[in-house]
């Protein structure tokens, strides 16, 4: 293969990895801390992408598309934060210790939320104008790389760094990391873990919603059901990376994103997705706890 | 059962005030009444009644599986329980775990349960959430210099003894009124045990401790009072030295002092279902020591 | 604690495995319901509002038949989730294998429908046992994620269609020539309807026999406490795999009947949404009660097919647009109903009579 193709595929694959990471990291933390499989996480993503579409098409009073996009990111983040908070506070919290009910509730929220968005804005794909800058290309090693790809990559890396800093440098982060390992012991140290639950859901919602913004740019449009499709790959990323490990999730997102791009390009559309699933099966057979996971659950 | 309890209380009180003039005046810090715990279908604690006197170390003793750890977990609210837990004059049984700890309980769990993915320093920092913690850190570092030396190391890479020190140090950062310590010497080499016990006796001087300990020698060194559980009930309460002086009591309730393994002994008893015989023995035992003391 | 471990290991197997709760009434009731459904094609009764045409009209029978297929597949899913406690998010895969498998065998090997169906079921069984044993390397939530991933891989595969066999996004239309004449064409809808009814009843019989067998009791013990089943010297993996394989085959049977009803196979049948819909059906009806799952499937099928029609009829026109849009989405109403049921009536529809005091507690 030519170097140009390889570079383009790599940048695209890394961009996809960024989108996967943003949705998978929250999922992984929520699961690690609370043992909750949050099926509504795809909805958080969809909320983010529709917030982008909404701002980009309805905020005509902001002339500059670049500025409008910046507003879209903030609006999406705010919506994601709110939806995550509401999900934990009013739905999941009532059923601590009852994992099946929690899963069922997030499932119901996910389906009705998607249908709500579909009912409001139709199930047809919607497109929106992007800042002119995004459509420019830069030459990297002879390959023409769209700026939007690089931007997606940059935002994902910044958010990864921010998340790791938060987890490593703040007291809330410390409590979350400790809680992922041993929730009861954190309580036994006099810390109200339930506050961290809400926080993790809100952060997860925010990250997934920004993932939705980037996903809308990456796939050049929005549809209500898209979040669920991405959620499936986020699950794969979470399991391969090791439940509860942010670093593992990042690593596995890169692995999955690149594999998918390379194989889809060289072997045909769809084969890359299949390969990723085979990767998952191999991980389960060889290392059920995931790449950086500590214990099998 | 009632008989024994009254009896035990009757002779604990004079023992406490007479033998230890400085610490015996106050009301008990912890008073447990009719504590029941179920785990699944198993009824593990069948109505415990006991007290922990302030500024003393009370050992919670009994054979493996009688419910000692369960008792601590129930006191902390980590296991659902029924009954009254009066701590420092307040019934804490409706409170969630973190409230109970904020109210003055501190916990050193069985098997350490340090956060293996966090560094030593982070483990301690997590525990430093009380105004007094900052001032207590030098004390913890003095007590366990190893923790200072290894502060950047992941707790999971520490040896068993070092993890135990971390678990203790973590609890000591909390200016707690009552320390709940579960088997601090479990699985440690004898030489480490000596070290841990020395640190423990230094750290727990003048504080109130409820200590679960299998190693009778360690319990003897640290504790002044004893509560002995059998089959999910309090079988004996009194002074530690009184209990140690009674070979029959030790043999029947703790399975020590004779060649017969404890497990075999326990099985014979439960098979006979002689729920009444043991309390009588306990009562006899305490009366004997009362006479002797 | 060692005390509890010792206690449970001493328990006899019979104490840990629940005794059979073989209801003698349920099969008779189901047979009666089946008979009522069987004569519906002869009833010319119009039910305005409920259905657009009379009961015997092809349109009405089509809706009922899809509801019956959903009922049968929902019962197979209840076997997994309700009785064995396995949260699989990949049941759509097995339904779709029956659907696509049968059609592909008919198209590419020119097999007749009656030959293609058993082969498709056999293939489904093999696939289910293979994927099931890999997925069972992990438990609980991770199991759910892995089963979802497997199913989604198939979904992507038939949709992207790299091998040019599954028809991509459009799907494949039914290989009509290979199907007995009696089961094709609008005039013969009643025969396909009877086939769907037969499938639903067969699914009930198979699932009912399975859950009241010894294996079925072990499933329920696994649902309650897997470790304890292991302590009894049984291997939970074998029983879980049995449950997984059996429910997959029944679901594939549903797919094969569905093929005739919708006259084709589309990728949507393999999507995660279909599995999630199955969960809604089973929970709507009540987990761990076969008749509840069947009811949930029927109600779901009916609502999903009828609600858009109701919306088109203009009932919601007076409502403001922001409300009208979502209310015409069956999944919005079903999803919201589902959340409310899970939060406030955890036993599902099947528990409502009990909750409302209409039935004596414990009688099922």
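Labels for the chains are A, B and C, by order of writing; each one numbers its residues from 1.
Note that a contact is a pair of C-beta atoms (placed from the backbone, for glycine too) under 8 Å apart; a residue touches a chain by one contact, two chains touch by 3 or more.
Quick caveat: nothing in here was measured; it's all calculated off a predicted structure.
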Response to the item:
One chain's C-alpha mean falls closest to the whole-protein C-alpha mean, and that chain is A
Discussion item. As a test of understanding: of all chains, whose mean C-alpha position lies farthest from that of subunit A?
Written reply: B
Worksheet item: Between subunit A and subunit C, what is the separation of their C-alpha centroids in Å?
Response: 31
Discussion item. Using Cα averages as centroids, what's the distance between subunit A and subunit B in whole Å?
Written reply: 46
Worksheet item: Can you give the whole-Å distance between the Cα centres of subunit B and subunit C?
Response: 54
Worksheet entry | For the subunit A and subunit C complex, residues of the former touching the latter | 31, 35, 37, 39, 91, 94, 99-101, 103-105, 107-116, 118-120, 225, 228-229, 232, 235-236, 238-239, 243, 267-271, 273-274, 276-277, 280-281, 284-285, 288, 296-297
Practice prompt. Please give the residue numbers of subunit C that touch subunit A in the complex, ascending.
Written response: 87, 134-135, 137-142, 144-146, 148-150, 152-153, 156-157, 159-162, 272-273, 276-277, 279-280, 283, 322, 325-332, 334-336, 338-339, 342-343, 346
Discussion item. Considering only the defined contacts, which subunit A positions touch subunit B in the complex?
Written reply: 171, 174-175, 177-178, 180-182, 184-193, 294
Practice prompt. Over in the complex, which subunit B residues touch subunit A? Could you list them?
Written response: 76, 78, 96-98, 101-102, 107, 109, 113, 115-118, 122, 125-127, 129-130, 170, 174
